[in-house]
Structures are given as structure tokens and as C-alpha cells.
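Note that chain A is present in both complexes that follow, paired respectively with chain B and with chain C.
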Partner chain A sequence: MGVAIAAPDLEPAPRRHWRHRVNFLPYALITPSVAVIAGILAFPLGMLGWLSLQNYGLRELIAHQGEWVGLDNYTTILKDPLFHQVVIRSLLFTLTCVALTIFLSTLISLLLLKVRSAIRVLIASALVFVWATPVVVTVDIWQWMFDYEFGVINYLLTQLHFGNYIHHNWFDNPVQGLAVIALIVVWGAIPFVTITLFAGLLQVPGDIVDAARVDGANAWQSFWHVTVPILKPILLIVTCLSTIWDFGVFNQIYIMLNQRPSSDYFVIAIYSYRESFGVTKYGLGATIAVVMVLILLAVTFFYVRETLEVADVQKEQMA
Partner chain B sequence: MKVRKVWVSTLALATAIAAAACGGGASTTNTESGTLTVWLMDGSAPASVVDGTNADFKVKYPNVTVKVELQKWGEIGTKLDTGFAGSNPPDVVELGNTLVAKYAAAGALEDISGKKSTFDNSGTWLQSLTDSCTVSGKLYCVPYYAGSRAIIYRKDMFASAGVQPPDSIDGLLTVGQKLMAANSSDPNFSALYFPGKYWYAALPFIWDSGGDIATQSGGKWQGSLSSSGSQQGLTTLSKLVSSLSKADKTGDEAKQDAAFAQGHIAMIIANGWEVGVITDPKAGDPKLADKLGAFPIPSSKAGQTAPVFLGGSDLGVAKKSTHQNLANAWVATLTGNKHMTEMATVGGVIPNTTSMLNLGTGINAVFYGAAKNSRFVPNSQNWASVENANVIPDMLVKIFTKQMPIPDATKSASDKITTLLNGS
Partner chain C sequence: MIAPGTAPPGTAYQEIRLERVETGARKRPRFELRQPAGQLAFDATGVVVAAVMLFPIYWMVATAFKPGRDILSLTPKWFPDPFTVQNFQDAIARPYFLEDVRNSLIVVAAMLAISLAVAFLAAVGVARFGFKGRTAFLIMIIGVQLVPLNSLIIPLYLMLDGVGQTDALPGVIAIYLAVVLPFMVWTLRGFVANIPVELEEAAMIDGCTRVGAFFRITFPLVGPGLVATAVFGFIQAWNEYIIAYVLLSSPGNQTLTVWLASFTTNHGPEWGPLMAAATLTGLPVVAFFLIVQRYLAGGLTAGAVKG
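Then we have the complex of A and B:
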């Protein structure tokens, strides 16, 4: 079967055997999935790329007819100082969120291994609840908690004598505001990563860890030199996925700031949306989205390559 | 008797429109059928006015189903873009008066210049609303209603602090400071509650000191928020906000009526209809009804009032609509004498015609009066981009939170406005 799908046989086949050599069945079987993937991925991406090469505003939208401008949109955004700020802000924000997510999730998943099963069920249920609640709902709740006038966070911090937080505005200062938003993003990301890592930890053979202990490794050494290498494929995958998700953060910022975030809070997804739907420059918005995909490809390339290498090594070991 | 007369005249009007529309008279009014989709904004017209309009319309067009869909202001730009882009757009749309130019210029709205006289009071429509409907000399919508802002205040709080409504901006500061002193035991007290992004309420201060958002010369726009007049107005406002307001400096005005109803605020800058929200049994506090008063936003020149922003809505018909005649007939019913009177008396908004300005009584009279000294944002097809890019709210936040000094914040905003208004 494998041979039939892979490279064609280079040796010229006797003519009469041709019919028997080429097996169309695998191609036929794979066609529906290829068509679906092309439909849901390639077509919109292609449209996006095509849109990014046009001047496409409201008039063009209504007339369903854009104006071809080549790479003009790309030159415009590359010259735009706000765009540079937005890209740097997005990268820093993503780095912070991913690092915190992976760090905290690893700690919680290790904790899950150690606790009694009743506690484990309790923690896991709490995590699943966080995960199962729609983002819009959770962000709305967070917004109320951080509210300037009626927020419970300001009330609690004041009651617990952390200072006077009555009428403290968390979003006055963009660094503080983005820290609050990072907190919400990380909070929402922890359940998936924790549960995935916990599943991975269950696969770590206990006897190897025990052997390391017997050989004199302390807790940190056995974690770093035994557990982490075994977890590596899973760590790579969750880091890669977290990077993709955190780089595209939109809801948390948009809802927290009442759908009117100021430019200090623009990350790349917000900026693209603002250019497209805010100032109705759909072509420019599409260009930003294309650049976003390219940056994401560059950033995740490393993870994907590592994952493939790990997979190759494991395949060899199995073979 | 009067109502019946109006009803009869509306019917006659609709018949006239239908006759004009049918031209050859191939069909009569009553046989037209289909579904008319109408987008109105949430909170604009009382439900009774919409129901009444639909009932009157049903009498004339029994085979037509009218589907009124209420839209939210927050996301309306995106909704309208996608709505108009589709091949089956809503037939009638209510548009904020600052948005019309954008959609008219993009070819989304029907040119109704030739039908103007078929609408009631078209000779006495409010000039500012008519201007907002006019793009390159053509009429693209029917003025619907207007709103202008004044200061709503608590009469009881003024009395216990021993102050009177001020007649100058200096007086406003003095009165505010006395109110702050009289309520110093309440840490949440605001003499004048002013959320940071409330740009409609900031405009009067800019205009009063001779500033403006942008000026046009030779077909080119030039942002003018950094002019000395604008800066002076913003300096005055910034002083008022820092000494009299505990409102969120990064927040908007959406929650101001609910906040006012809680009793820690003496003054807000608000529309006339907000009195209804403040005293609403669910959203506000009905007990405040007889404690509320209003006075116009004062000018820096004692005894005068500051120019206010004339907000409002217009009704347009989609160019791609397949029921343009029905759509115009529906608009004519809603903006006809009968329902326009209800908009003023029940809805508490300023009606679309100067002939009804005498309908404002009591507290409403203050808001009707404010409309007489009113101004508008730059009437450009690109204005909606300035609004959607939050240029002015962002500038205000930077000023009030002292992230940027006034000259820098206004310069940056002004440059952005110049670019956006002159954009293609």
C-alpha cells in the first residue's frame, strides 16, 4: 500500500501491466479529505492573500469589485511605525503568556501526580470548568471583577491592606493593563496544557524515576534529566499550540476594554480587525493578517522541526 | 379628531407615493407583497411608536410583512458594512447622523432627492440633520430625530450645598468645588461625573474656546484639535475632570445613568432621554424624578451657552433593496406627523422638524433649547473612520490620565484626523 502512494516506480513497466501497477484506490480515498482541507483552509487563505493585494474599502465591498494595487499594502504597513510597535508588543505578550502557561501548568500537573485522588478529582474538575466556560463569558466576569467602580478585586485588595485600591484603574497604565490581560489569557490556557501534561506524566515509567533516585539524583535532577526528556514531544506540542493561540489573542483584549481598545493595547489581531472593520480598509487588514500568519510560521517553525525530529528518533527506536 | 385628520393625511400621502411609484398604475397599493426588513437602533424609538407605525403601514399594505430588527450601537459599523455588502441588504436602516456620509459615498444608499417632498415637514427639517443626509448635493436619507446634551443635576444636592446652576464655565468649577466640599465625607462623590472617553461631551468645551475638530479648505481637511482654541478648551475640561470627577478616566459614558442613579453624583452631561433611564424602575431610581433639573452647558462667556454636538439618526433606504418604494413608504409613516409627535412626547427626543420644537416642555425644554446652538462633526465620508479608530476618545484618555501633555496628545490626534479625513 505504502509503495502505491509514495514515489512512482522508476523502472519502466511492461505496457500490459500498466493497469495493474497504478492503483487509483488510495487517491480516491484521500480525495474527499484533501478537498475538505482545501475548502476550509486553502480557499480562505488564498482569498486573504488575494485581498491583501487590492485596495478594498467599503465601496469595493458593496460593488464586489476590488482595485489591484500589487504590493502597495505591504509597503504601507512596513512603513507604519504603529505596526512595528504592534508586532513587538504581540511577540513580547506571547512570550510572557506562553512562558507563564507552560511553567504554571507543569507545576500543577506535577501537583496532580502527588495529591490524593479525591483532591486530584477536585483540581481536575475545576480545570475542566475553566476550560468548558465560553471565553466571552469568562472575560465578562473578569471585567466586572477588575471594574474601576464596582470591582471585587479593588475591594479585596483594599480590605486585605495591600494599599488603597478604591477607584484604582487597572487600565490607566498599558503595561499594568496588559499584565491583567495576560493573567486572564494564562488562566484560560492552563487547563488544556495541564491536563495534556498530566496525561504525559502518567506515561513516564516509574521504574526509571526510581532508578534515577537510587543512583543519587535529587528531585530536580530526576525531573530535569528523566521526566523532561520523556515529556519533550508533549511539551513541544503544547508550547507550539500556546504560541499560536496567544499570538492570535483577541477576545480578552477586545471585551475587557469595552470593544474600544486604545492603540496602546493593540496586538496584531486587534490591529488587523481595526484596520478591516474599524476603518473599512479590508485590503490593508488582510495584509496585516497575512504578515501575522508569516510571523507565526517563522516562530513555530522551530517547534515543528523539533517535533518532527523527536518523532523520527522515536520511529527509529521503534524500528 | 386631530389624530384622525393626521391619519387620513398620512394615508393620502402613502397613496400618493404608491401612485407615483407605480407610474403606469399597473398595480394598486394594496396588492404589493413581500417582506420589508427594517434595522432600527436599540433604544431609539419607544416600542409603542414602532408598533403604531407598523399597524398604520399594515392598513395600507396588508400583504407586506415588516420585520423590525433592533441593532446595538456598539457593533453597528461592522453590521452595516456586511449588511450592505450582501445581495439582500436590509431595506430600511437607521443610521447615526455621523455615519451617513460614509455609506452614501460608498453607494450603499438610494438617492431620494426626487422624493423629498413626499415626506412630511421636509421643508422644515432640522438643518443639521438635513446636512448630514446631503452628500454632493444629493439627499440620501430622511432626518429621523436629534439629541443634544445639557447638564442634568440633582436639585437637592445643589440646595444642601447652597449653590445655583452656574452661568459660566468658571462658575461650573466653583459650584463643583462647593459640592465636593459639601460631600467630602463620601469618597465616591463626583460633582461632575465625566468618563474619560466621553468625547461628545468634550466637544462643547473645544468649540466654546474657538477650537474645532478639523477645518476644510480647498477640498483638503486639516485637523485642528491642536489649535490654541482647542487646547485651551481641553485644558479647562481637564481641570474640571481632575477636580470634580471620580469617573473612570479610561471608561465611556455607557454606565453613567446607572451610576448617577446610585446617588453619589451631582451632575452629568447627558441627552434628554437619559432622564428616563435615570428614573427607570429597573435600570435607575424612580424616586429621583422630582429631584432632577437641567441647565445648558455654560460658556466661558458668562450668560452664554457652549455650542453642543447635535447627535441624531437618519433613515436611509438601501440601494440594493428590491422594495425601495415600500421602504420609502414605511419611512414616511414613521417620520410622518403622527409618529414624529409621539417620538417627541413619548420618546423624549428632539423631533426632525423645527415645527415641533414647541413640544419640549419641562426638563426637556432645556435640551430642545440646547439644540438651537448646536454644531456637527466634519461632514466627510471618512469621518466614520475617525470615529471607529477612536482617535478623540484615545486623546482624551491620554490627557486625563496625564500620560501625555495636552500639546503632544492633541498634535498626535490632529495629525491622525488629517490623514484619515483626507484618505481615499
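Then we have the complex of A and C:
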């Protein structure tokens, strides 16, 4: 039980002298939290794994009794061509959204350093507004803006001579439709990532950048060789978090398509939902959810490792 | 269980606060270009960025105040002129709007009351005491946040179905409680740990009991932390959609986001009332944000947002 385990604790260890007198008190204090987390998060997670090994449909739901089928559900989905499509589509969608989010957020956070303070407050307020708006609300707004008949986007694109977009339905073509949805996801993700990155940029010591400039580095070189390495832990964290969120996207697609997405729009969260609640194959839906968690685990592995390293560094700095 | 936009525990997020944004504004000259022309170009780009980010929200509000014939016009009107509140009256008069507002308020209030109390106890436990299993507890708090909520819907549904709580608010409250709790414990723990034990000890030397010292000294100082985590919890619960959608099936039992999401499906795209309803749904969150912002003094991004 060494450094790595203790790493998430960013403070110096609490005072020892309390420990000898009251031993049961801290356990009493954390018991309610442990009970809630174990009962409502940990137990369902175990149940998810168990369900994925069952044939669990409407009849089993009524009987509260599943039928054990071993790994049959896994063989079923691995042979299912639709599932392959869904996984590939989800991965491509996630990659696009994450790349755009990180790229645009980095640009905006760099811009925040350069603008005068009144403009910075303006941008920060805009970001906070977007951030605070519920996702369901944002999806409704974009649905209206992309309306094929009276939407302001079609009007603007036509007026700006990007082509004739009058009565253009963006959702006829799934590639265009998913591009619109990616736009919504990225727009909604930019505030959090930008403000996080900006906070990270403020921690980049100015004299190091100045030194790089004195040594003849141009703006790009000093950004790439000085700022990015210092920003790396934060960049990694926001990248991995964005991956988790974008891989699990559900609301934006489901609501945008009026709760009836066609199979061309299935990403993994939609597919799992459709299999379980649409066609009441809860076992199969659980299997898809397990695969989703496993794919994400592969990604979050790096996130956790990086987090522990960041915590270690901070601990050293505090010591 | 990570909610989108939530700062994860165990990262450097305690360090990232809006106050730093202001600090940065004052001592900016780090990467600064001195040429006025360059400065002007940056400022202009900044205005464009802010406008692009804000435009959808402006468009929602503008549409909500336009009369129907101006909304369904092939050449959009950029400002609501003439101005009407008819859409808001329409939206409020829709079936189940008021019931679902009430449901949302009940869910958020109940969840906040319970979660703040439970999280605060655990935060004091891990911030003030060293005990066996403390590290394991902290790792659990971080670990559970990495599981996407979407994946747990099926077992949660079956669990609540087993105890006959699927179309009822307590089930939803319990799930939201579990969703926000790990983050709350982590954030509050930081706030409690930042208050020196010496302050309590000084009060005890002056004659306070330990409990008295805690409630007179530490508790008031944790106030901003409680506000920050409450904001976080409020936004998470108010904005949540999929859990409520799956669990709450009858229209009178749903929350506001579920009502709003099914607006188009139930009524066809009536954009005016829809945008008015969307404005009303978003309003409490933004208002809550603005009201508590000055009490936060940082911790705004530590208790991050977006559901």
C-alpha cells in the first residue's frame, strides 16, 4: 500500500492524534455514502454483468426470473452485422467530436489569453451560458435552427452563397445528420474544456515562454515545445473525459430525431437502449452496455493512470 | 458515474477556478502582442467567437417572443418585433407542464437535501480523520465516476421494477443521489480539508466542546463549499433526461426535461411554444447560476455543470 494507492489524497495526512481517541466515528460518517454508492451504483453494475448472461425479456421481467444462457448474448451481438456498424459508427463519431472539441477549445483558450479583459469577460460569459443550458433545451434549439423549412441555418447558408439550402433536410442523409449532431455535441462541450484548458494555460510560467522566445523560438514552436508539454496532463484528462461523454451520447441523437432514430443513427448507447426498452431484450441490451463499458475502460485506464501521476506531482510540490 | 461536464475528482480540478480567470485578466502580459493591429484582430475574433457560441441561445429567446407568423417566415426576423408573450402562455397551458415543473422541483429539492447531508458527513470523515479503509473509500469515490450512467439504466430499471418504484419519484431521487454523491463528497472534502484544524483547536482552548467548535467554526467556513456543490447537484438533477425518461412513464409523473423532450413528438413542431418552453426550462438553471455566482468565490468549475 504505497505511494500509488495513497495518490488520490491531495492533502497531507490528517492529524494523527484524533485517530487514537475516536475510531468508530469516521466509519459512521462514511457509512451513508458507502451504502448509497454500493446499493445504487455498485450493485447495478454487478447486476448488469449478470443480466448480460441471461435471456431476459418481457416474460422474464414479469416473472422476475431470467434464464441463464452463458455467453450466448455475446456471440449473438458479435455476429450481428448491425452491431459492428454501430460500434464503428460510435468510434468514428466519438473521434470526430473529441478531436473537434479539443482543437477548437485549445484555440479559444489561447485566444482568451490574447484578448483585452472586457472581451475575455464577454467570451467567458457566453461559455457559462452555453454550459448552464440543459442538453434537452440545446437539442430543441438546434432542431429549430436546422428545421428544413424555416430554420435559420438553411437561410444563412443560402444567403452566404454556400449553395441552395432552401428546404434542405439535413437528416435525410445520416452522414449529414450525424455531422449536425456532432456540431451540437461539440458546441455543448466547448465551454467546459475551454475553461479547463484556460485555467491550465494560466499555470504555464510566463518566463519559460519568454526564455523560449529569447532563444529564437517562434510562436508555434514555443506553443508546441513549451506550452503543450506543461498542459499535457490537463489535455489528457479533458480528452479522456470527452471520449467518455461522446462515446455515451444518447440525448442529442434521440431527441433530435423525435425519439424515433432510424438504424442509420444508432450509436452504441441508442442501440443498447433500443434492444432493451424498444424490443424488451434486456439481456441483450445489458450485453451491449457491458461491451460499451469495456471499450471505455480501455480508454479510462490511461485517464486513471495520468490522474494518479498528476496527484503524485502535486503532492511532491506541496511537500 | 461521470456526468458530462463534471470535473472528475482526483484531478487538478481543485486548482481550476473562475477567480483564476479574473486573475489572468489582470496580469495578462504573458504572451501578449503589443501591436495595436494584432490586438484588434484578436479582439474582433473574440467577439465573433462569443457571438457564435451565444447565437443559438439568443435565437431561442428571440423566437419565443415572436408571433407565429414571424416564426414561420422564409426570411427570418432577427429581432422579435412585434413582441409577444403568447408563446409562453401557450407553453404553460399545455397539459402536464405545471405538474412536471412541480415534479422537477420535488426531485431536485429532495435529492439536494439528502445528498448534501450525506456527502458532508463523509467529507468530514475523510478530511478530518485518518482511518483504515480511507484510501479505499477515496478510490471507490473516484472509480464509480468512470462508469457511464447510460450503461446502468437497464439494471436500475429492473431493480426499481422489482420493488414497484418505476413510475414514482423516489426511485429517480435515489438514483440522482447516487449520481451526484461521489462528486459532492470529493469536492466538500477539499473544502473541509482547507480549513485549518487549528481554528477548531483554538475554539476548544477557549472553552468550546469539539462538537461546538465544529459547528461554530468549521461549518460556517464550509458554507461556500456547500453552495458550490449544491449548484452542481441542482444542475445535474434539473438537466437529467434519460433516467427520468426511462423510469417515469405516465405524463403527470414526469420531470420537466422529459416533458420538453416529448414536446415535438406530442404536439408537432410548434416552434414558438417549444422555444418558450425551452426558455422556461433553462431559466432556473441560469438564474440559479447567476444568483449564487457571487457566493462561490471560485469553485464554479470545481463543481462543474452540464447534464
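Methods note: the second predicted complex is superposed on the first by the 259 of 319 C-alpha atoms of A that agree within 3 Å, B and C clash if a C-alpha of one lies under 4 Å from a C-alpha of the other, contacts with A are read in each partner's own complex, and residues count from 1 in each chain.
Convention: a residue touches a chain if its C-beta (ideal position, glycine included) is under 8 Å from a C-beta of that chain, and two chains touch if they have at least 3 such contacts.
Quick caveat, the model's predicted, so the values are computed rather than measured.
When both complexes are overlaid on chain A, the residue A:300 reaches chain C alone and has no touch with chain B. Of the two partner chains, chain C is the only one that A:124 touches; chain B does not reach it. Looking at the superposition, the partner that touches the larger set of chain A residues, chain B or chain C, turns out to be C. When the two complexes are overlaid on their common chain A, residue A:61 makes contact with chain B and with chain C alike. When the shared chain is aligned, chain B comes close enough to touch A:262, but chain C does not. Shared-chain residue A:44: touches chain C; no touch with chain B.
In the overlay built on the shared chain, the residue A:277 is in contact with chain B and with chain C. Touched by chain B in one complex and by chain C in the other are residues 61, 64, 149, 166, 258-259, 277 of chain A.
Touching chain B in their complex are the following residues of chain A: 55, 57-59, 61-64, 148-149, 166-167, 169, 171-172, 258-260, 262-263, 274, 277-280.
Looking at the complex, you find that chain C touches chain A at residues 1-2, 4-5, 7-18, 20-21, 23-26, 28-33, 39, 42-43, 45-47, 49-51, 53-54, 56-57, 59-60, 63, 71-76, 118-119, 121-122, 124-131, 133-135, 137-142, 144, 146-159, 161-162, 174-175, 177-178, 181-182, 185, 190, 193, 197, 235, 238-239, 241-242, 246, 257, 260-265, 269, 271, 274-275, 278, 281-282, 285-286, 289, 301, 304-307.
Contact residues of chain B toward chain A in the complex are 74-75, 77-78, 81, 84-85, 102-103, 105-108, 187-188, 197, 246, 248-252, 254-255, 259, 320, 384-385, 388-390, 393-394, 397, 401, 403, 420, 424.
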